[in-house]
Structure formats: structure tokens, C-alpha cells
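So, here come the structures, one by one.
Two complexes come next, and they have one chain in common, subunit A, joined by subunit B in the first and subunit C in the second.
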Partner chain A sequence: MTATRNPTDWRSDAMRRRIARRYAAERRFKLAGLLAVLLSAAFLAFLLVTMMGNGLRGFTRTEIAVKVDFPASPLLLDPNAITDQALANANLPMVTGEVVKKALGADAEEWVSPTAWTALRDAIKADPKILSRTETVRLPASTAIDLAAKGKGSSEAEAAVDRLNKAGVLSTGFNMGFLTASDGTDPTQVGIWGAFKGSLLTMLVTLALSFPVGVATAVYLEEYARKNWMTDIIEVSINNLAAVPSIIFGLLGLSIFLNVLHLPRSASLVGGMTLALMTMPVIVIAGRNAIKSVPPSIRDAALGIGASPVQVVFHHVLPLALPGILTGTIIGMARALGETAPLLMIGMRAFIATPPGGIVDPATVLPVQIFLWSDEVSKGFVEKTSAAIIVLLIFLLAMNGLAIYLRNKFERRW
Partner chain B sequence: MTAMIQNQESMTPAVETKMTARDVKVFYGEKQAIKGVSIDVDMDNVTAFIGPSGCGKSTFLRTLNRMNDTVASARVEGTITLDGEDIYAPSMDVVQLRARVGMVFQKPNPFPKSIYENIAYGPRIHGLAHGKADLDVIVEKSLRRAGLWDEVKDRLHDSGTALSGGQQQRLCIGRAIAVEPEVILMDEPCSALDPIATAKIEELIHELRGRYAIVIVTHNMQQAARVSQRTAFFHLGELVEYGVTSDIFTNPKAERTKDYITGRYG
Partner chain C sequence: MKRIALLAATTAAALTLAGCGQQSGGAAGGTRDQIRAVGSSTVYPFATAIAEMFVQGNAGMKSPIIESTGTGGGMKLFCAGVGAQHPDIADASRRMKKKEYEDCQKNGVKDIVEIQIGVDGLAFAESNKGPGFKLTPKIVYEALAANPYGKGPNKAQTWKDVDPSLPATAISVFGPPSTSGTRDSLAELILTKGCETDPAMEALKKKSEDEFKATCTRIREDGKYVDSGENDNLIVQKLAANPNALGVFGFSYLEENKDTLKDVPINGVEASYETVSTGTYPGARPLYIYVKKAHMQAIPGLQAYLNTFAANWDPNGALTKRGMVAAPEAVRKASAEAVKSLPVLDGSQLK
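Entry: the complex of A and B
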């Protein structure tokens, strides 16, 4: 303090201007933050609206109500002996064609889906008594009619739809087949189940491999490894591994799992192993951070009453680090779930029309299915692609929801 | 406490020497933190380590149950014995040693588990309890000895971290005595507590005296005078003076001790 300095005048104009500038800066910063949030919300809303607009139609199908006079139809079935065998022998596809022609006209056979006979079969199975009377059955429309009814068909099909609308037989129903069927060539008949099951199996393999290995690595590096140049190199390598483009992991999977180990091509096992390589570094990094954030006093406390290092880890450090480890795991798994490129390299882009029975069966996964459908020429696949995206997003949300539930369950305060 | 080995070096047979340190040096990398400390800790007296910050009293305390092992760069020279057994010998199991030489830390650090689990953890990992009923007895006995039973007996399954600071520290003492240690090391156990909680801990130390050999590190000289019968004054990694507490405070022999006691530095 020098005697020549004047006391600060807190009410001077310079001081007031400084305060005004400070408040202005704060307002600007707040505004910028708000704009950023609004922008991302707008993007998200746009994404959801377009996706829902297109995708929800993928879950529906156009149905044609057909009056079937069962006694007069060429159907030879005993109402008292309806078995799967009897139904299989009844030549239902031919019968369906005949009843549609009779009800809607000679050219109407093309309007119903080639699998429309299954609707007839299910109706008979549900109530064999309808065989003795006239009954209205809703049959799924063919792709051409379905597209025209949704406003995107050819002029020929639109004319047919006009006729059907006049007759008042068109309706929209939930397309259960989309959830239970697998890939196919006809967009009204394809389903997501095969890809969904493939994704599920692949994720299970990924989790089973990457979680234990990742957590064990994190524990070893944090709790046991001496800090020297070796662990430094390992640390740098793991960080780099987390940033490696995923297609390179695909190439690695191709050259090692397929060419050296001769594991089955296109299988969820190989897909899961490849994705596990990708997920593991993420889990290791998250796990190390979570373990690091466990207060040292807890370790001291346990060591101080004679817990062995492994008891300290399993009784105290891991339970406290678990929420953080789970968060990291879910981030890694979510990334793996959406991954397409590495799976293309190991042959999971094949056309697979049956759901996989196990992890060694040929399979595809949701993002690859989306990729394949987006490449199709038929217009009917556009809405199927969007619908598949919705399924993928729901899968992702369910996974994240589970993670949040688990994290809250294990979270402890200290 | 079976098979007491009488320490040959014990000069006064009246007190039972529990731990002996001879010419102990501790290095952190190149830096020497403890410069040749020799001291005896006995069962009947509470031993206090006093000295200015950074004098090495906590470091030395942590060599007595090998907590310094967790510091990668730390190196210990000299011999420290517990009942005549070298605790740094390869045959000594460090996990068992820490059960025998318990520790209470500066900041209360209960596990983020229930009060019951905090106490039961030690007996459980060392297999000291035979069945649930036995464990219940150990928990009650330990909490009673830690002077906490009456305050927590109705909420044993509440979280230990929900207790007040002083209660948490007594819980930590209860946790340490639940494994029936022979020595309890206390590293500034009251520095994070208010005066009332401090008084309770000091009272507890009085009650525990004789049952366990107690070593307490404190930066509070009044506390050392109140709770201990033997005081060791550390300065710059050296043991300057060690003797009967009343002598140290009223009639210090070394000049540095006198300066510290009278508040010349610290």
C-alpha cells in the first residue's frame, strides 16, 4: 500500500461501465447456450418427425376385406378335424385365389399378397365353424396395392385402389409380420425379427467378452500395475485403440477370426468378437476413471483392518466404481449396436431370410438390415427402412434405460 | 494374544513392550523422510507423537503397520518388531499384521455401508465369527467399546456415512477394535472433529488404554498432554525427544522441544 494511491471509487462511471459489460457478457453467453440447446432440440425433433412419418407406415399394412362363402368355395375341409396337416393339404393358396376372384373380379387375384392365404388359414384355425357359413376375412394387399393405398403406387394400382375404395373393402391394420418375419424380397412380407435377434445375439457376445476383460484390465492397470514406461505405453495404446476407425476392426476380424481361426462367416459370434475389440477400450477407459474416483480413504480403511488387496478391490472399490463402469459400458455397447462397417467386412451383409438359431448361425443385425433395405430399388422398402430405424432406436433406448436403472440401483453415496 | 514373547531389549520389566523400532529410516524416492528413529511402544501407556507439520510423525506411524507399502516409492530401513517378530521380514503376512495393528485415520472413513456392516466386515474377512449370532455379539461389543452402541442400537442398518463426524470416527474406532487388534494406531483422529466430539474420542482413548497398545499422532499439544502417558517429539524426520508426557511438557531436555512446546515454531 502506497500512500499516493487514491481509495477505489466504487461508484465511478468507469466502474459502472465495467459492471454493465460484465452483465452483458453473461447475457450473451446465456443466449448462446440457449440457442445451442434449441438447435439440437430442433434437429432431434426433425429427425423424429420424419422418422415417425415414414416409419409408422412401415408398421401398418393395407388389408382387403373379402367375403368368403365357405360352403360354396372349393375348400375340402372337415370342420371337426382341423389339424395343421389337414390345412396344409387343403391347397389354401389356390382356394384364396378363387375366393378373391369370385368376390372382387377376375383381375383381383393380383391385388392380394402372395401370403394372403395364411390369413385365411388363421381365420379357419381360430374358429372352424366359419366353414359352414359366409364370413368376411381381411386379407393383406399386395405390395403394389399397399403402396398405392399409401399414395405412392403406379397409376394401374391406383385405379384398382379406387375401385376397392368404392367397394369399401380397404382398411389399414397392424402389420404383425413386420415384427415376426425376417428379410425377404417383397417389402410387404419382410420383417425385422431376424435382424433384431441377430443384434441381440451379437450384443450378448460383445458384452460377455468386453465387459469382464475390460473391467479386469481397468482393475489391473489401476490397482496392481506399477507405474512405469510399460504401463504408459499400454495406456497410450488403449486410448488410441478407442479412436481407431471401426472398419479397421472389421478388417482385423476378417483376417484373424475368419482367415486364421476359421470361425463361421456372417455369424453373430464373429460379429460380437469384432465389436468386443472395439468396445473394450471404451470400457477400460471408463472403468479406470471410475476406479480412480473411488476415494483413497476407502482403500486405506479396508487395508487398515487387514483386507487383502483383492478383497479391497472386490468388496469396496468395484462396488463403488460399478455405476461409472456401467455408464462406460453402455456408451460402448450403444456404439457397438449402431455399428455397420466392421460387420460388413466379416460378411454380415448377406441376405438372410431365417432368424439365427444361435451365435454360430448366419445372421444380420439391425443397422446392417437398415443399410441393406435403404439400398433396395422397390419403393416399399423406404418405409420399412424407417420402421427398422425406429426399432433400432427403441432397442437403444431400452438398453440405455436398463443402464440407468442399474446405475441408480448400485449407486451409493459417501 | 497368545504366547507373549518377552522383548530382550526391554529395559524396564514393569511395562510390557509391544512394538520396538530400531534405527528406522524411510525414503520417498531420493528424499529421506525419517532419519533413524528408535522407539518402544508398550501396552500400558498411550504414546503420542507430536511435532510440526511435515516432521514425519504420520509417516513413521504408517511404517508400524506397513501402510507405507501402498506408496510405490517408499522404502523402509531398520527393524520394527511386534512381540519380537520383525514385521518387515518376508515371513510376516502384511494382511495379518494390519489386523493385529489396527489403524484409525485422520478423516473419518466409514465404508458406504450400514453401521452393522462397517463393524462386521473385519471379523467376517478374518473368519473371527462363527455364525450370525456370534457376529451380532461382536458388533454389539465393539460398538459398546467404541461408546457408540446407545446412539446407534436402533438403526444398525442405516448407512454409516449418515452419522455425524464424531460418530463416524467412533464407528471407525469400533471397526478397528472389532478384529481384536493388539495395537491401535490413530493418525490425528480428532483433527476433523468439533471440540465435543473430540472430548468423546479422548475419553474413549482413556477407556481403551491397557486393553490395546495405543499410538496417537496429534498436532494438538494439549491433546497429547491429556490423553498420553508417553510423548515423542518429532522434528524434520528425527525423533528429538521421547519420554514421560509430563516431563516433556514441563521439563523438556532438548532445546528444540522446548521451542516447540513454548510455541516458538510449529
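Entry: the complex of A and C
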């Protein structure tokens, strides 16, 4: 049998067409992938640009320099006996109004923030001697002036800004108060510190509860539990738990932590515990997968040279599984950080102007603060909301950055 | 190995920290050094403004915690009991209900002080280019009810179908969703009033309270009434684009948008500061705060907080600058007296 096989004629028309089709299919596939990446990048860029565009203005504030002649002002204060209560009783809001009118004209009272008097109060508190001389104090501008100075105001306010600019008293600076103050009712005075601290404490509680419990569960299920119908049920339950909508956890927290255990309402302790319930299943699932991927040869080798099962787990399996566990933890924590719904149920949707001192103090968290501000009527809150979102994103980035650092530090290759 | 130990130590430290906080706050069940208020989202901006002024005027006081839970949810929390874990104040955009009062009594909240802080109005508005509607509760009820007077589904398509004096434009009303307290006010102040004009409804009320409520307050769902979420800006835009539509929202919002909207009088009464304040406007509703007398001594600053309210609810006070309508003088006087002498609410007056 002499079956001679013709060599493929790569130059024939049919073959060329076929090859061209293959290359075209490859190009199409590459293009589709590229488009997908570009699309998601465009969405991200759009989000960041709008956030930054609105939010960066939230970090600045407009101030009006006002010359205050303290001795001539209707202020009855003894420079030698400045106490908080004396300042509270001194009718500073009225005095501030008078002072501003005298310095800038009769209609100027509307130009400074309704809480501008606190700037005067702080100036007196910092240096009581100021009461015997004339001093220039920078007062925060009202929302209308602030928006106009940033180019988004009404025509009336813009006329006022022109006048102030001519007088050379208007200045825009970094709003330190936004990072150090807490919630308020006047957008020129609000800050993010209270909510930030609340988020920090809540995350701490969540991590302290969910990480040890989650890792211990994962280790037990992978290394110790016998494979029978009970572990199957547990496994299915944990997988289901990871998919439960977060509001359900809020209801659970409300009925158990608040109504049965009588833990304090609105506290970051309860918030953290509720979020820990939500985060734990994610850690368990990620932890089990990470532990599963540790090669059996490592375990066998350790056992072979006489290590006890506990030693095997703690000396060998866990360190090798840690990068994977950490990834799961961070995914869970990031979800918990951005969560609002369960926290509404346990009373964290509240006006809290004093930053929490500990985990049992009433607190609110960044996403809830954003939610509260987005509901406010005053236009000044729009940029504050965006600014708060930027703070939340930076918090998230810092957390992820820490996770990547830890993961790379612990990662081991074999 | 060392790394694991380090990690374990960090976790342990975090846990200890958590534990410490728990201990230091162990007294949380016993006493509390800041005021807690819960309740209406309508009262929330006023309560927070007062909280801010209270802190500024009383050095060293912690800021009150104001939760916006809605009036009903707030009453539930308020009536759960006496003690530091329960709120001191309930903010309400309507009067306490008899049922809520009984619930309070059952849980040991015996002495409740009722203070009216001001008034809010439910305003009807149309675009400046609108035809100039003149409505009565009866017309509104017949135009919006799902089942007017229990006589079958609402067939009215144009305002003329409801009342011959009105133009033959299609019925289209933008208003609050059913979760809103403003919707409750719409049902209570306008729809129920319109419904009660039919004597047959009085008889129905005696026969079955539930059936009466369903007939009188259920709003049609065939697109004539449009839920516009909680976003009032959206209603304003929709009204501007559609001059034949009506919008329903809080009075302070109408005040703010006088340049694009105009008021629709109810029973010939325009919603204005005066008519809402005196209650001659049918859509006016009082705003209350309820205080537990048992907490007056235990919670520092509670009296001062109430005093701050009293000092700012005048017609040119700080609260009216934020959009609240001041109560008439007699009511303000009575409320100021209530802040001073703290009379206990008599449950038999409630409905």
C-alpha cells in the first residue's frame, strides 16, 4: 500500500482564507477583551473624576477675614476668667453678627456661616489677651458665599463675592475642620472625624471577632472534621450564609444583640459584631480553600519527622495558607466597611456630633454618614458628601494596601 | 513561626482592646451621659439643630444622639421601657396614638410629657405655568382614591370627571411613597376628610374600622398618582416640565421653591406661613416631642435641651430659619409652660 500523502499546500487560496479567518478570530477576541477592560476602566475613571470633581472642593473652605475691635465690641468677658461656660453665656452669636456688620456692611451678616461665632470663641479661648486689642479673625463663609466663591453660586452671592474680593478679605484654604470635626447641621462646619473613628472601631471589632473564629472554623473543617453528613450540612450552611443579604444580618443583630443581650444601641461594638457575622463566612470559605491548596507533602513531611497535628497546623499549614486567608479577610472586611443596611437596623443612622471614645459609645460609620449627608437639603452638603466618599475610598485603599503588603510578606513559593 | 506568634499577639491585643472597652462601658445599662432621641425624619433637622445649639450653649455637655427612625418606629423604641438603654425623647410628626400610649404604660413608661414644638404643612403645588387648581379634600379623595366610597375602582381620568369646575386635563399627581410620614399626613389630613363627606362612610367606620381605613386612605395604582421616592427635587423638575401635574410635599419645601412653583389652595385656603401656623390650612400638622419624666433627673442636660427648644421655636427663631413653621402664640405659651412644669400626658385624650 503506497498511500502517498500530499503535503499541505499552505499557499492555496482555500488555505489562505482559512488562515486569515483564524487570525481574524484571534484579533476579534483580543479586541473584545481590550474593550471589556477599557469599558470597566472608563466606568472607574468616570466615578473617580465625578467624585474628585465634586469632592475635592469639599476639602476647601472659604474664609472671610474680619477685623474685630474687641474692646469696642459689646462683649462682656473678663480676660482673666475665660471658662467654657463664660464663653457660652457671652452671647457670641449676636456679637459676631454685630462685628461682621460693622466691618463689612449691613447685609454682611448673611455672608458668614451661622456658626462663625465658634471661630471667634476659639480665638478668644486660645489667647484671652486678644480681648484688649484689635485683631483680624478669619470667619468661615456661609454656604451661599462658599459655593459662589467656588463658582457655583447664585447671582446675588456672586455679587457679594465680587465685593469681598475687591476688599481683599476673601480667601480659600484647606478645610482642616473637615478632617477633625464631626457631624453637624451646617455644611461649613461638618467634619468626617467622628464617622471615621466609628468606622475604625467597628472594623476593629469585626476583625477581632471574625478573623479568629473564621480561621479556627476553616482549620477545624479542613484538618479535623470527619467527612460525614454533618460537616456537609455545615459546609452548605456556611456557603449559604455568605450569600445572605446584609439587611438580614442587621435584623439578626437587632433581635439578638440589642433585644436579648441588651448591648448599647448605636455602639460600634454591636455594629462590629453584626458585621462580623457577615464577614465570617467569607473568611471561612477563603480559609478552607487556602488550607486545601497547601500540598499534602508538607503535612506528610512534618508528620513524618514527628510533629504533632497541632504543630503541623500552626508551624506549617497556617503560615502557608495565610496569604489566601488574608485575601479572603480583606474582601470580607472591605464589604463590611462599605455596608450601611445592617447598621441602620441597630441605630447607627443617627446624628452623633461627639466622636466615639470607645466601642460602646454611640457612633456612626463612614457609609452611613455619606447616606445621612446625601439626604440633607442644604446645597453645601453635596460636595461634603463627595468628599466623604473620597475619604471612604482612601480608607479602603489603605486597607487593601496593607493586605497586599502582608500577603507579599507571608507569601512562600515552592 | 515568629510571624504567626506576632499575628496571634496582634489579634489578642485587638481582642483585649475590645474587652477593655466593654468593661469601661459596662455601666452603659445603668446610666448615660448624653441625651438620646428617636423618631420622625420630619423633626430630625430641627432636633439636630437644637442639639447643636444645646452643646454650644452648655459647655462640657456631650452632644445628644438623634436617630431618624420615623414616627412609628420611634414610638416603639420610646415605649419599650424606662432606663438608660431606652431613649429619652420621641420626635413625632403626629400625635401619639392611643395604642402607643397603652404600649408605653404596659412597659412602665408611665409619665410622658407632650410638647408641641411647631407646625408643618402638607402643601399641594403646581408649576407657575399651571392652570391654577382649586381643590377640596373631597376632590382630592375622589381623584386619588383606589376605590372611592367603596363603589368600585376609580374611573376618573380627568379632573373634570371629578368636579365640573375643574379643567379637562388628565389627573397626574406626584407625591411621597407609602413609607413616608408625609404620605401618612396626606391620608389622614386630606383623604380621610374627603372620604368622610359621604355619610355612608361614617356608618362604615362604626361597622369596621379596617374597612373604613382601606376605603378612605388607599391610593389608586393605575399611574395617576406617581410615587416619586423621597426626592423632592425630582418633583420640582417634573412639575416644571409638566404644568398640568400636581405635587405633594412638605410646606418648607414649597417655600424654598417659590420661584418655580405656586401653591394650590385647599378649601380656598392658601398654604402660607400664617395659615399653616394657625391651623386654618387643612394640610397643617403639629410636630411634637415626647419626653419621659422619669429620665429628667437621671439624664444630665435633658431639661436644658428642652429649654433650648423653647428658646428657638418663636416665629423668628432659629427653627423657622430651617423651615419649620412656628406654632400660634397660645400653643407656644402652653408648650413653654409644659417645658417648665412638665405635666403628665393624659392618655384618655388620645385617639
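By definition in this document, the second predicted complex is superposed on the first by the 328 of 414 C-alpha atoms of A that agree within 3 Å, B and C clash if a C-alpha of one lies under 4 Å from a C-alpha of the other, contacts with A are read in each partner's own complex, and residues count from 1 in each chain.
The definition used in the following text is that contacts are C-beta pairs under 8 Å (C-beta built on N, C-alpha and C of every residue); 3 or more make two chains touch, one makes a residue touch a chain.
Remember, predicted model here, so these are calculated numbers, not experimental data.
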{"item": "Superposed partners subunit B and subunit C on subunit A - clash or fit", "value": "fit"}
{"item": "Where the C-alpha centre of subunit A sits as vertex, the angle toward subunit B and subunit C in the overlay (nearest 10 degrees)", "value": "130"}
{"item": "Partner chain in contact with A:Ile305 - subunit B first, subunit C second, else both or neither", "value": "first"}
{"item": "Partner contacting more residues of subunit A (subunit B vs subunit C)", "value": "C"}
{"item": "Partner chain in contact with A:Ser297 - subunit B first, subunit C second, else both or neither", "value": "first"}
{"item": "First, second, both or neither for A:Thr136, with subunit B first and subunit C second", "value": "neither"}
{"item": "First (subunit B), second (subunit C), both or neither touched by A:His315", "value": "both"}
{"item": "Which of subunit B and subunit C A:Lys227 touches, first, second, both or neither", "value": "first"}
{"item": "Overlay on shared chain A, then closest C-alpha pair between subunit B and subunit C (Å)", "value": "10"}
{"item": "Touching both subunit B and subunit C, residues of subunit A", "value": "315"}
{"item": "Subunit B-touching residues of subunit A, taken from the complex the two chains share", "value": "226-227, 295, 297-308, 311, 315-316, 320, 412-414"}
{"item": "Residue ranges of subunit A touching subunit C (in the complex, touch as defined)", "value": "83-85, 87-88, 115, 118, 182, 184-186, 204-205, 207-209, 211-212, 262-267, 269, 272, 314-315, 318-319, 322, 347, 349-354, 358-362, 375-377, 409-410"}
{"item": "Interfacial residue positions of subunit B with respect to subunit A in the complex", "value": "65, 67, 70, 72, 95-100, 102-105, 107, 109-113, 121-122, 125-126, 159, 161, 172, 175-176, 178-179"}
{"item": "Subunit A-touching residues of subunit C, taken from the complex the two chains share", "value": "1, 3-4, 7, 11, 14-15, 17-18, 20-22, 24-25, 28-29, 34, 36, 38, 44-45, 47-49, 51-52, 55-60, 62-69, 85, 230, 256, 322-323"}
